[in-house]
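Each in structure tokens, the structures are laid out below.
The following pair of complexes shares a single chain, chain A, combined with chain B in the former and chain C in the latter.
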Partner chain A sequence: MSLLTSLARLRAIERGRAQPIATVRHCHLSARPMVFIPLKLSGEAAAPLAAMLGTDPGEPRLLAVTQPRNRDLRFAWAGELAGALLPYVTGFMGETETVERRNADPYERALDAPQLIVPNRAGVAFTRLLGRSTRFRRTDGPFPVPEGVPLLGRWLTYFAERAAYPGSSLMPAATDELGRHWASGQSALEDANLAALLAWITEGPDDAAEDPLIWPPAGPATDPGFDAEVLAPAMESGSAERITEALRTQLEPTWRLVWRAIGLLRELTPGASVAQRWEHDRASYSGMSAQLAEGAPPQARRDGAVAAAARLARMERAQAAYEVQRAYDDPLVMAEYRLTGEAFAGEVVDTAPDHTEGEGRSRKLRPLVTVKTDDLVRIAPGSALGTPQRRGQGAELVSARDGLVTLKITKGMGRGRTPAPGAVPEVGERVCYSSLTDDFQGAAALPEPEETPWTHGGPPRPYEPTDEDAREEWS
Partner chain B sequence: MNRLDALRGTTPPKPHDARAIAALAANPGCSRRALMDGAGIDKEALARHLGHPAPFGQSPFAITRGNAFEALVKADGCAELIRMLRELLGLPIDEVAYHDVENVGAHLRHTHTRALIDRAARGEGTGTVYDHPLFTLAIAGHTAYLEPDVVAFQLGGRFHIVEIKSFAVVDGQADPAAVAAAARQAAVYVLALRTLLEELGHDPLRVAHDVVLVCPENFANRPVATLVDVRRQLAVLRRQLARMTSLDRLLAALPEDVTFDLEPDDDGRPARPVAELADAVRATEARYAPECLSTCDLCFFCRDEARQEGASDLLGRDVRDALGGVASVREALALADGSRAPERGQEEIARLLRGAERLRRECLA
Partner chain C sequence: MTHPGAGPGAGPGAEPEPTPEEVVRRVLDDLPRHRGVVVDSPPGAGKSTLVVRAAAHLAATGEPLMIVAQTNEQVDDLVARICDKHPRLTVGRLSAGGYVPPRRMLELPGVTVGTRVQDLGDPDVVIATADKWAWISGRTWPWAIVDEAYQMRSDKLLRIAGLFERALFVGDPGQLDPFSIVDGDRWSGLSWDPLQSAVSVLLRHNPDLPVHRLPVSWRLPASAAPVVSRAFYPFTGFRSGTGPGDRRLELVTGGMGTVHDRALEEAARSGWALLELPNRHTVRTDAEAVEAVALLAARLLQRGAVAGSEQGERPVTAGRIAVGAAHRDQVAAIRNAGLPPEITVDTANRLQGREYDVTIVLHPLSGRRDATAFHLESGRLCVLASRHRHACVVVARAGIAELLDAHPSAEPVQLGVPVKFPDGWEANQAVLDHLAAHRVQA
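And now, the complex of A and B:
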């Protein structure tokens, strides 16, 4: 954890309130998000117990498996969930824009995309398992499942995979997003408790957050005490209504908490790059929709070697871009880099806008800027610099000494003999420069899947849905 | 009376099981835990009496499922298990016998286990799967009794510990935390069996460091077996147990009259004044870390203590590391706002904290 965040956590203890560690919001928030709170049966890998979901805080929809050990009821539940989720998830392809691409055909991109918000990371993990246990099923054949279940499985798998993608907002976990914007006075481990984290941000720390009788766990695991004293007797009684009402008591508090978290995040102004990342989400969602429309098979159980390497490379690039964008969008995040000497901020004290380098035809305009800063600069001369104030501009550090940093602007100041108006900062302007730059990284050079070398298992066999997959036991 | 027994007083000792021994390795720097475990204190009862009951509980559904799965694996003389071992370890098909040690009655189980293992190590009764054996391990001078799920004996002359767990392996992957816990626990059995072989004059390395982990596969109840290498867990465990034998040093530092006796009344209910007991516990040094919240019965008591002391341990090891060892919240904040001059060796962290404070003020102004 960075020292800046650690200091914020210490202050949070001192003041009894979580402290901000961001000045803008770094995630996209949909105008109509779908809150999804799943519960599972303890001791089972992915046996659903219930889910509360909906797009309106005033109208939670509760789906419960009224006899969790019954396989048919479990699939019926999955069918109901498909009925509740799929219209929302697939409904965004109605309005699209045509996007031109270089070296490829244009494609249709949805103008908006679905957003599933779960309470915590365990909710994402359970969504993945739920997707895995339903996507290979078939609606015909020896063990037919209700309509929509296989498609639900593929979408849930997609959302859970996307949640692991840095900067994606298709399936955020409430605790993660709150933790990115506020530092509480407790450990990161305890921050995974939504009730406790929210208490720190709002009214101040509260031991009741850890009392399952007051704030039931936010799922997907239920409180063992509830299992023993309420759920087990209710299951024994065989009364569907009693089970449903018992589960409602465990879900409703979390429902309120998640909406409260959304409200808190909504109060923050979105960062400048949030829309760009959401555009990637929209493109990804549109791609998934197109694949499904073309009748692609369900996602394989495991990636082949090439697909796995490509996924990893994509995620690494997304991670790097996400870190740079957050720093450029938010001075408080950039401060982390200023503290380690990878960025500096200060006032412009001198400029030489018409400075040039080279002679004759190779003469180039290289405006010089001198900045006075209190930051300790640990950037080597010659390093490339970028600045949040002028995003398209490139610069290079010339010298840094005694709190005075001289840099030359190398790109983004116009093509003329004199710089374009506004391209060179004026004396007295406050600026920030960083060696952190969002340099374009090309995609990793990977062979086609059918040319996977023998060292990596050779070409993977293409996934073919089997009857066995469709019939897999779900006990 | 032995000093450790005095610490426990009239409260009956709590036997160690593999889970408890494995947890010892989780926070080796905690003297409080080392002493309590060394003395065989029932930490759960202690924490409850102190008004800070542990936050753990197991759902009846999880227990039922775990038992049902174990019964399935062991049904018909471990038929299912033997099938998997054959594939995994290459056990010859016709030479597998099943021996349930539990049939001999509890008081004889350990002696019986010794005799059976001795015979097997001498090459008699080969190819046998032993169910419900009972091992012992000396923990700080006390004997702990351990019950591994099963021990398999292979013809090639090596013993394998089998650990049956009910968490699922989905498409070849399982919850890493659950696997790590199972590996730590299995390492305790490996160590116990190695110790036994050594006592019997056999080569302890005939116990494989690869344990057989049996879990349900995907979403069904069908078991799948995997080999898990526990060498690292064994090393940690050995180091920690060696430390436990040096409890004398920790005991010497304790005031003479300290005891964790709960002073149970005639009905076995703790009757000791809570404040007095809390003082006794505070006489030992704890090393609280947020990880304790998932492993130690005393976690809420120690967290409360850390809060009252304003210790930066509360925030976790990464924050503590970032603070360069400044242990108190107040001290770190005073260094940050410059109201306190750094001591020798604190100059660098003080400079960084002041820098961090300046930047936060600037950005949040």
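And now, the complex of A and C:
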């Protein structure tokens, strides 16, 4: 935990209210998100019990499995879920834009994308398991499943994998997003309880949040007391209505909480880079839609050696970019870096806008700027710098001594003999520079999967879907 | 990590411990017989010497050789060593665009520097970092030597393994594991987990490859080798090449009885000292600890330390002293405390593979109120505690043992992941236990 967050947590305890740790919203919020709250049967890894979902806070749709131990009923439920979820998920490919690419064919990108919001991280994990248990099934052959189930499995798998992708907003968990914007006075473990975290942010800490009779767990696991005293007798009675109504009592409170969390996040202004990350999400979603349209097989059970390395490289790149963007979008996040000496803010006290380096043809414009700062600067001379005030600009630290930092601008000040107007900060302007820059080198190419080297087990056997896939043991 | 049945002398009733020379000869003999050969080398056991010798041995066969190291410093170092020992070998040093070769490299005969293989002519040996090799394609080498292979992530090996037919992998299994800024749980248990080290992945797919172990540390003194061996290499122990008394550290000018002087005197006498500050929870850049570290370094220079060893007597100059810490902000804070610029101050990560006469270490757990997996990683402490030829002074707040007791390692156990030895928690306790006998309280 960083110093500022620790301080915010202490303040939260002192004041009895969660403290903001961000000044802008760092996630995209869809105009029409779908809230998805899955429940599972206790003691089973991936036996769905119920789900509440919908895009309208006033119209939750409840789907329940009246006997989760019955596989046929489970997959019938998955079929219903597909019917409720897939029209929303696939409905965004209607409106697209054509995107030109370097070294590749142009492609169609959806103008908007679906957003599934789950209450907590466990909800994401369970979505992944649901996807895993449905995507390899077939609608024909032995053990057929209802129409739409295999496709549902692929989409759920896609969303859950995307949730692990840094900066993606296709499947956010409400507790995670709230935790990125507010620091409560409780532990990280307690923050995973949506009711408790929301109470800290709104009315202040509330013991009721821990009482399953008032705020049932946000899933996917249910309250053991409810299981024993309400659910078990309802299932024994065999009444579908009784079971459904019992489950509704467990889901509805969470439903309200998730929408409340969305409302809180919506009040924040989105950060400058949020749209850019959402664009990546839209592109990714469009790519997935295109793959499915071409009849691609279900996602592999495990990443092969090459696929794993490729995914790792993409994720690391996204993580690094996400951290930089958050800091550039939000002075409060940048403050963390100022505290660790990786950034500094202050007033410009001197400039030499026409300063040059080199002679003759290799003479280059390198405007100098001197900043007076109270921050402790721990950036080595020669390090590359960037600034939130002028995003395209590159600079280099020349010296930092006694609260005076001199830097030279190396990029983004125009090509002329004098800098473009506004490119060099004026004396008196307040600026912030950081050694955090999103100037990444791309990763080197990986071998094709069929050329996996001997050090990594050699080429894998290609995957061919068979009926055996459906025979996998699911218990 | 251990390789069961791997190195000679691993089990009971095994043949007598081979000499380093025997090990090297077995390695060279194994090279043509196997696709890959792994050599585990504890700190300062002559890993670079082995790499240079193997390079000359392979180059003598007339077949081209590629060498892979992990950082530019390591590459430059190897180039210098190869040219020094085998001036007749031609060496091509591949580098990225922005790389500025040190002047000493340009003066070396037989060395060419370039950004493309074509620019190098046709040297006996081509050497570059793993990152640079990943951009090379269109040619294969019959032989490769991968240096610091335990610090190399397996996804890097995946990018370059197509470039060579056979390879010698050399590294120190006790040092820091490769890491990532993203969570890699989804791959844990896979035999090709990209976050595992190159050697782990190599051996999981090719369990029959021979694994050798260098048995003697030439760097660590007799006072340190048993401590480091016991704490960090519990199943693959090593010994020091020098005996007790072979290494001496003398402080020429007298001390003033301050805690810093007493800590230095203890270190000079026994090879270890723990300067213990009062128990306190602090921020990472604990100002008092930083000051203590800086004062120790300054006093060490003022007192004119002289190191005596099998290499003769020489003064411990600033260039022979290193200061190590866990985090970059701690390093920056220590540098800002006004040390002579010749003293190396760096993180454990970047001190890997380096050697100094005296090291001053800010203990990774000093002043902390929790012990995370990062701080408990045995490799971090191992690197910090095994860079010295003569003495190591550790600065720490009291209460680390209690902190460790309050934070037993509780990482989830993942299926299919080989158990890692040593356990960081246990290694930390072992080192603390040893340091307790050399404690100077502030």
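Methods note: the second predicted complex is superposed on the first by the 469 of 475 C-alpha atoms of A that agree within 3 Å, B and C clash if a C-alpha of one lies under 4 Å from a C-alpha of the other, contacts with A are read in each partner's own complex, and residues count from 1 in each chain.
Criterion: a contact is a pair of C-beta atoms (placed from the backbone, for glycine too) under 8 Å apart; a residue touches a chain by one contact, two chains touch by 3 or more.
Remember, it's a predicted structure, so these values are computed and weren't measured experimentally.
Participant: Looking at A:182, would you say it contacts chain B, chain C, both, or neither? Reply first, second, both or neither.
Facilitator: So A:182 meets neither chain B nor chain C here.
Participant: Touching A:3, do we find chain B (first), chain C (second), both, or neither?
Facilitator: A:3 contacts both chain B and chain C.
Participant: Between chain C and chain B, which one touches more residues of chain A when both complexes sit on the common chain A?
Facilitator: Of chain B and chain C, more residues of chain A lie in contact with B.
Participant: Pick one for A:302: touches chain B only (first), chain C only (second), both, or neither.
Facilitator: A:302 sits against chain B and chain C alike.
Participant: Applying the touch criterion given at the start, work out whether A:313 contacts chain B, chain C, both or neither, answering first, second, both or neither.
Facilitator: second
Participant: Kindly classify A:13 by the partners it touches after superposition: chain B alone (first), chain C alone (second), both, or neither?
Facilitator: first
Participant: Report for A:456: first if it touches chain B alone, second if chain C alone, otherwise both or neither.
Facilitator: A:456 contacts chain C only, not chain B.
Participant: With the two complexes superposed on chain A, say which partner A:210 touches: chain B (first), chain C (second), both, or neither.
Facilitator: first
Participant: After lining up the shared chain so the two structures overlap, which partner does A:378 touch, if you call chain B first and chain C second: first, second, both or neither?
Facilitator: So A:378 only meets chain C here.
Participant: For A:77, using the defined touch cut-off, is the partner it touches chain B, chain C, both, or neither? Pick first, second, both or neither.
Facilitator: neither
Participant: Touching chain B and also chain C: which chain A residues?
Facilitator: 3, 302, 376
Participant: Residue numbers of chain A touching chain C in their complex, please.
Facilitator: 3, 164, 166, 302-306, 308-309, 312-313, 315-316, 319-320, 340-341, 376, 378, 443-447, 451-458
Participant: Of all residues in chain C, which touch chain A in the complex?
Facilitator: So the residues of chain C in touch with chain A come to 35-36, 131, 134-135, 137, 154-155, 157-159, 161-162, 180-184, 186-187, 190-195, 198, 201-202, 205-206, 283, 329, 332-333, 336.
Participant: For the complex, give me every residue of chain B touching chain A.
Facilitator: 55, 57-66, 166-168, 170-172, 216, 218-222, 290-291, 293-294, 310, 312, 314-316, 318-319, 322-323, 329-330, 332-333, 336, 352-353, 355-360, 362-364
Participant: Show me the residue ranges of chain A that touch chain B in the complex, using the header's touch definition.
Facilitator: Touching chain B: residues 1-4, 6-11, 13-14, 20, 23, 41-47, 129, 132-133, 185-190, 210, 222-225, 227-228, 231-232, 301-302, 331-332, 335, 338-339, 374, 376, 472-475 of chain A.
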